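Structures for review follow.
Both complexes shown next keep chain A, but they swap its partner, so chain B is in the first and chain C is in the second.
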Partner chain A sequence: MKHGFLDQYSDLDSLIHRLDPRTKAITTLAFILALVLTPPTRWYAFALYFALIALVVLLSRLPPLYVLKRSLVVVPFVLVIAIFIPFFKQGEVAGSYNIWLWQVNVTYSGLIVLWNVTIKAWLSVMSMIVLSSTTKFSELLKGLERLRLPLVMVMILSFMYRYMFVVVDEALRMKRARDSRNFGGKHIWQLKTVGNMIGALFLRSYERGERVYAAMVARGFDGNPRTLSHLRFQMLDLYFTACFLTSLAMIGTTILLGWGA
Partner chain B sequence: MEKAIQIENLSYSYPDGQQALKDINLSIEVGETVALVGPNGAGKSTLLLHLNGILRSDGTVTVLGVPLDNKSLKWVRSKVGLIFQDPEDQLFSPTVFDDVAFGPINMGCSQDEVRRRVSEALEGVGMEGYEKRSPHHLSIGEKKRIAIATILSMEPEILVIDEPTANLDPRAKGELIELLQQLPMTKIVASHDLEAVKALCQRTVILDEGQVVADDSTQSIMSNNPLLEGHGLAPRSGSSLKLKA
Partner chain C sequence: MHIPDGFLNIATVGTTYAVSAGGVGYGLRKARSKLMEKQVPMMGIMAAFIFAAQMLNFPIIGGTSGHLIGAALAAILLGPGSAVLIMACILIAQCLIFQDGGLLALGANVLNMGIIASFAGYYLYLGTTRILGEERRGRLFGGFIAAWGSVFLASIACAIELAVSGTVPIRVALPAMAGWHALIGIGEGAITVAVLSFVMATRSDLLELRKV
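Now for the complex of A and B:
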């Protein structure tokens, strides 16, 4: 499996791609913070947030449909968590339905919670997708490191990135080996096989971890991760950060002034 | 002149009590290329892990005249470069550059020095221009080369290589052997690929069940068929396969 699955389109060239990973990490964080702190009933504010992100997508030359499709991945998760809230939350009833024996009430406040969770999750995920599709994962790690994220966490992320697909490939090979010897049989028996495969995969990964550590120690690793960085802020980063944060501040001001509420 | 590596009375047991190495004595001259051959499970890899102190046990290992102990550990690791069998284990960084730079950075080189060493090491294995690539997307042959570069960048005086030709197709194998032949350091190659051993090493040590059972010139060991057969390095006589001498 290819890494492109994670950071597809990150090798395009655009204004956004050329930004320093630190700039993108910080602005993304600022965007998500602003988003989360926005009261759910300021409808137009969410439209503005969407417009802002759409503008960034446009500047980044990412295929808009790709961003949209990827961002929908989050919807099932959100729905599973939040779909029942409108039925249980107390408050003014928006609609009442009789379904066979039960009477089901949907409340306004419940609907607002649902909207709140869905729109914020969706826009946040969209901003993360823009971040990960315009920044190579290795660059992003360098950026996080320079932003003083603890090095141990950066290393964990970097090992995850390096070995995730090695493990996935290993699992696929095991699955192929199983399928080539599998001539049907009861489902319950197959479950047992899957359990064994997961166990074997865990052991293999564990042993790989030991070998990787030996390889690190052999090259002088003493428990203190050190890396080189070539990152440099440019004027572009300053302009982008200024414009982006100003836009967020403007949206924030309209919220504080209570326009459209 | 100092010996590159001198091993005296080295024994090692796995944590579960199984003995892997029994009373090994071995000395390797500077500039030599020595093959360490033996059947699967003979203890080759375990012995290699002792050469730069990843495993430590009874007996002494002396590197370039310096006995390996806690004080000399760091120095020894900068002198003895260990290349693991599976490049997937050796290459653990998100990019090739980070991986080749890992050793020099840990050795405390300056930024410019690190960059110089990385580009020289990559040039040395014929992989210039791969700095930004992810190791995950390289072919096995390319991964092996980068794995060698990660050690060359530390500019070691002794190269220890575990199964350099495993999993390579004949062309990649040939190219890798040529590459190793050009490297001037002292080399210790563990392998059961006798073809590669013949091409690379003047001297061969046979290890079986944790013991040194033969230590001689490659030529005389390779022509001693009963010896090879007795230690799992040639098909049994009577088998329809014949090993080309």
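Now for the complex of A and C:
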């Protein structure tokens, strides 16, 4: 599997990398929450949010271009769902065009909704990228466990993360074998081949699961994972949380006071 | 169908998180009472399997391609409670690792593709096999109905959430989402049938597993 991009920059050393995963998870959640609650017409507020996230990216020493490139992940959903909103939302007409037989109206309220979802989706995805590229997934899971995500879920997630690479590798090997024998897989009559591949993948994964469990029992597994946990809040966490939440509160205050509206 | 952040308003976020927490809690209770520790590694690997299966694209009409959601398949093979847990873990990992779907939208995504798709898939399969019998024909037909129905209902739930949030008007969102996913659901159904018939031919005992 080409999984070099996973956890790619989580080994760097920076202020953000040294934060406790819980601190990062909570501040990210606070950021996205503030973002979603912001009314779409407070243009300058989004500039401030962008400045805040850009500052965090700079502090984290992640390559800014990498963050920008990864943030394009929101584009497909925005294109498929949001791009049509200005044409269907009813309201004051901003522009009217004749395209062949249709008359198309673009409304202001529709444009505002488009701006609203695009900017919010983009900024929140940037904050998620910072969270996931400055934290190893295993550390993040430990943090989530301390934040009371049920233990069974944490265990399923950590097994999934371990075996994802194995199973995905297996799937890509099958795909390569099929493509080299079948002129690729893009024809409708090849649906059954894909079905057989997934069936074979299921059997192999199931049998692997049984083997893994047997091996774990042989080594004394009793259903409770034991890990060395070294998560500890430091002064750094306190300072970062205080600064970050203060910035969010300041942006929030300017919105409540109605500046620039 | 992975909704990013920003598309849902805060009321929808709160509601979907509460419903999803309830559904996942139900899955956890079922798993705890019936499975014990044995199934935890297995469920992790099954989650990795569904994740990998989602990467294999299949062709749909007109040169476009779609990919499996897999909730109905997981529910048929392992039972609805396990399927909810597996799908929830996949969606959490996709959100945290790949930024596929937002953090605040996670509740809605788990509700659509985890809870609604798993339970709809399981009970549609159960209902169809009751009517048509537990023979090969009944099971394959049940698999198709279950997979198609799970995708279709999940897309309707997704459209309703987007509409309630004021993002897309319902008269546009509902026909567009439901119509497009009625088509994608045919692919999901065909793949699920092929997988079930492969499993029946090779390890039919796995279809008799205790469902949780």
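Here is the rule we use: the second predicted complex is superposed on the first by the 230 of 261 C-alpha atoms of A that agree within 3 Å, B and C clash if a C-alpha of one lies under 4 Å from a C-alpha of the other, contacts with A are read in each partner's own complex, and residues count from 1 in each chain.
Here is the rule we use: contacts are C-beta pairs under 8 Å (C-beta built on N, C-alpha and C of every residue); 3 or more make two chains touch, one makes a residue touch a chain.
Just so it is clear, the model here is predicted, and its values are computed rather than measured.
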item: Which superposed partner A:166 touches (first chain B, second chain C, both, neither); value: both
item: Contacts of A:241 with chain B and chain C, given as first, second, both or neither; value: neither
item: First, second, both or neither for A:194, with chain B first and chain C second; value: second
item: Contacts of A:228 with chain B and chain C, given as first, second, both or neither; value: first
item: Touched partner set for A:23, first chain B, second chain C, both or neither; value: neither
item: Which superposed partner A:74 touches (first chain B, second chain C, both, neither); value: second
item: Partner chain(s) touched by A:208 [first = chain B, second = chain C, both, neither]; value: both
item: Partner chain in contact with A:134 - chain B first, chain C second, else both or neither; value: neither
item: Most chain A residues touched (candidates chain B, chain C); value: C
item: Which of chain B and chain C A:158 touches, first, second, both or neither; value: both
item: Contact residues common to both interfaces of chain A (with chain B and with chain C); value: 137, 158-159, 161-163, 166, 208, 212, 216, 221-222
item: Footprint of chain B on chain A - complex, ascending; value: 2-3, 137-138, 141, 158-159, 161-163, 165-166, 208, 211-212, 214-222, 226-228
item: Residues of chain B that touch chain A when the two form their complex; value: 49, 52, 54, 74, 77-78, 81-82, 84, 86, 88-95, 98, 101-103, 105-107, 111, 114-115, 134-137, 150-151, 154
item: Residues of chain A defined as touching chain C within the complex; value: 6, 28-29, 32-33, 35-37, 70-71, 73-74, 77-78, 81-82, 84-85, 88-90, 113, 116-125, 128-129, 131-132, 137, 140, 150, 152-153, 155-164, 166-168, 170-172, 175, 185-188, 190-192, 194-203, 205-206, 208-210, 212-213, 216, 221-224
item: Chain A contact footprint on chain C (complex, rising order); value: 2-10, 13, 24, 28, 31-32, 36-38, 40-49, 51-53, 55-61, 63, 65, 68, 73, 77, 85-86, 88-90, 92-93, 95-100, 102-104, 162, 166-169, 172, 187, 190-199, 202-203, 206
